[in-house]
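Shared between the two complexes below is subunit A, which has subunit B as its partner in the first and subunit C in the second.
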Partner chain A sequence: MFEQLTNLLDQNQIFNTSTLLTYWDGFVVTCQLVFISLVIGLVFSVPLAVLRTSSRKWISGPIWFYTYIFRGTPLLVQLYVIYYGVIFINGIQESIFWPLAKNALYPTLLAFTLNTAAYTTEILRGAIIATPRGEIEAAKAYGMSRFVTIKRILLPSAFRRALPAYSNEVIFMLHASSIASVVTIVDLTGAARDVYSKYYAPFEAFFFVAMLYLLLTFLIIYVFKQLEKNMLAHLRPLS
Partner chain B sequence: MLDFAGYGPELLKGAWVTMQVAFLSLFLAVALGLLGATAKLSHNPFWKGFATLYTTIIRGVPDLVMMFIIFFGGQQALNIFFEYLYDNYEIDYFINVNEFIAGVITIGFIYGAYMTETFRGAFLAVDNGQIEAGKAYGMSRGQIFLHISFPLMMRHALPGLGNNWQVLLKTTALVSVIGLTDMVRVATEASKAEHAPFKFFIPVVTVYLLLTWISEFIIKKLDAKYSVGVLKH
Partner chain C sequence: MKKLLVAVSCALSLAASGAMAKDWKEIKIAVDVPYEPFEYKNPDGTLTGFEVDLGNAVCKDIGAKCEWIPQAWDGIIPGLLARKYDAIMSSMSITEERAEKVLFSEGYYNTPSAWFGKADQKSLDVTSEAALKGKTVGVQRGTLQDNYVSENFGDVVDIKRYTTADDLVLDLKGGRLDLVFLDYPVGEQTIIDDAAYAVIGGNVKVGQGVGVAFRKRDTDLAEKFNASLKKLKNDGTYDAIMNKYFKYDIKI
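And now, the complex of A and B:
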């Protein structure tokens, strides 16, 4: 079985074992980038979204500014600014941070995280301000403190309402991660670029990753559909 | 402070390129969107399936990968085509795929898919009675589209259209990757040469934010124009 597979791959000029392994490594890097930045971004965006809804201008203002800047400029520009900004800091090449900064992965993760946190903050804010007033009044009537109200009433229902929009953000992040290939990271797109330059076969190299991204996108849509089915079950029409 | 080490004029030129790419691809995207929406709403299963395939595939593939397919793959396809012409008909002709055209086609093609969905929803939101009234007045199909469906549809399409435009504008930064000298590329080259990233990217960021801000304003004005006759609370 295994031998047959290797035989088959050996006959194929472009998709032989070594290129498929390049693609596999790229796939792992893409998954890492997307997953890590989404998780950290989500963790940061929850408190930011709550503070963004504050009526005090000096609290909500700076967060509005942060999200406006990061949502109003291309991710590619953010990546360049952070990537070049880090490696051109005076004296960083002699400091202990150089091993971290030299690897393009960390500046890229930072850019992706900041970007997704900005978008997720706005998605969550929209979900939070859509909370029915009566629910908050009920919490107050029960004598819940602000923190308890946020934890028990505001956030659980806001997360549910934000789910459809957040699934779009996850897909957006998967697609945006292809930009990492521009700063020398060999993710899925980077692997395709390597294969392209090795065999000068643009259609094969890029079409293959395009199909992989398509598959991943469908997978994400499916997972979120299942999640929505479970978490938004109470909103489904009867019958 | 505003000297940009001699890169000022280059940056301005780059900003102009960015705007050209953005507007031309918006034009293409709207045209493709209208075509796609018409195909999706038609009763012909072939066109319907074709448009559905188009929107599904485009929306599932990253912009950058799509751009590589069209830029590098398009060049290869043209090469094969002209080689075939030369071998069989002795026609000696050659076209180099231009970064500008490849960029505009890619971005227009991608956002055409998003526009298709926007316009489809908007056309569905138009009251059928309006179109029936047009038919009763003896209007032709073209007249109904021009005087009834299109203006009424635009009110529903504008919010989605505005969003798509804002995302499209930011996507234009990707043309710098395939080698077009837009303002992002100028800033990148300048940063590498001068070892000072913030100096050159601050004007770039400012231009993007300014364009976003102006677009928001224009969309608001357009919204007011197309919402005449609708009660706004």
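And now, the complex of A and C:
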């Protein structure tokens, strides 16, 4: 069965077994990059979003600055600055960080994480400040401390409100991850570039990869639709 | 009488043009200027450069009068097929795709490729798989150099592919790459101007080099060029022209 499949594929000029393996490796790298940066970004963005809503300027100010820098510049530029910037730090080649900085994957993960954390922080902040005042007053009336209010009242309802906007951010992140290929990472787009340069078939190489991105996007949309169905059930219109 | 005159003059002109095509007393050669040092213009407007000198030497050898026609690269093959000129000598690499449309002479030059890296790796044997094992090697994606490294060392080295040579050089100097395999002239200008870096091993010739392009049916002209190029390569004329423009060997 497997042999038959290999034989069949080998007759195809472009999409033979080795090309498909290239695409598969790229697929795995893309999923890793996007998933890891989204998870770390989300973890960082929750406390940042809470602090961003603080009325004390010296707390919210620096976070405001960070999110505006990273949302106000292209991800490609951030990637270039981080990827090529780290090698110019004095003494980095002798330090313990060099194995991390040398590998293209870690500077890229850093850039993606910082970028998605900035966007997610603003998404969550918007959801937090949209919390009805009554809920917070009720929490106060029950004698909840500030921390408990955030944990029990503010964040759960903010997460729900942020969900649709956050699904967009996840999809944008998937699409933006294609620029990892400019710093030698062979992700899906990198695989397509390699196939293109090997067979001089730009249309086939990139069309195939576009289909894979589309597939991933539909998968993400499906997962978020299910989440919204469960978590936003109380907002669903009666029909 | 008048009819006869027309017929005769037609026949004469046909004979004349037929004779010219066979004897190749005049050859028009297309060239895309400027591409230093292969072809460029002197301050006084005359054409010069490695290919122009070599082409003139060939014409002198085969006893033809050569005329150089400046032609932009995009239309250089269609112009040949439309008989605006008879040959192209404009650093055209011999590739299978082009060979379907035009007839190539034997290659007359091939700029060498070379390995570049930190100078302390100078003793590395870049022809052996064992010595290169585990090295991170940078190449430009889709180039002849990429094919060379992928085919010969694809199993033992970690190949990083770059879109531009600038990014490649930056990562070599930043320490992310152990070696790069590049067109020698590019590496000469961008890498070994820094004394900490050097050419590792000897120059390597990849690909079939650059050839003169003719129309497919003009096999007689191609044969004349091939014979003449062979002669010039052997009698020292080629070397004299090459040494005038290059410090390294591009002869094939």
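By our rule, the second predicted complex is superposed on the first by the 238 of 239 C-alpha atoms of A that agree within 3 Å, B and C clash if a C-alpha of one lies under 4 Å from a C-alpha of the other, contacts with A are read in each partner's own complex, and residues count from 1 in each chain.
Rule of thumb we're sticking to: a contact is a pair of C-beta atoms (placed from the backbone, for glycine too) under 8 Å apart; a residue touches a chain by one contact, two chains touch by 3 or more.
Owing to the predicted nature of the structure, the values given are computational and were not obtained by experimental measurement.
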| item | value |
| --- | --- |
| First, second, both or neither for A:F88, with subunit B first and subunit C second | both |
| Subunit B versus subunit C as contact partner of A:L214, first or second or both or neither | first |
| Partner chain in contact with A:I69 - subunit B first, subunit C second, else both or neither | first |
| Which superposed partner A:V39 touches (first subunit B, second subunit C, both, neither) | neither |
| Which of subunit B and subunit C A:V182 touches, first, second, both or neither | both |
| Of subunit B and subunit C, the chain that contacts the larger number of subunit A residues | B |
| Contacts of A:A104 with subunit B and subunit C, given as first, second, both or neither | second |
| Which superposed partner A:K198 touches (first subunit B, second subunit C, both, neither) | second |
| Subunit A residues contacted in one complex by subunit B, in the other by subunit C | 84, 88, 182, 193, 196, 200 |
| Touching residues on subunit A, where the partner in the complex is subunit C | 84, 87-88, 93, 98, 102, 104, 182-184, 186, 190, 193-194, 196-198, 200 |
| Subunit B to subunit A touching residues, read off their complex | 57, 59-66, 68-69, 72-73, 75-77, 170-174, 176-177, 184, 187-188, 191-192, 195-198, 201, 204-205, 208-209, 212-213 |
| Residue ranges of subunit C touching subunit A (in the complex, touch as defined) | 97, 138, 141-142, 146, 160-163, 167, 170-171, 174-176 |
| Parts of subunit A lying in touch with subunit B, wherever the complex brings them together | 68-69, 72-77, 80-81, 84-85, 88, 174-179, 181-182, 189, 192-193, 196, 200, 202-203, 206-207, 209-210, 213-214, 217-218 |
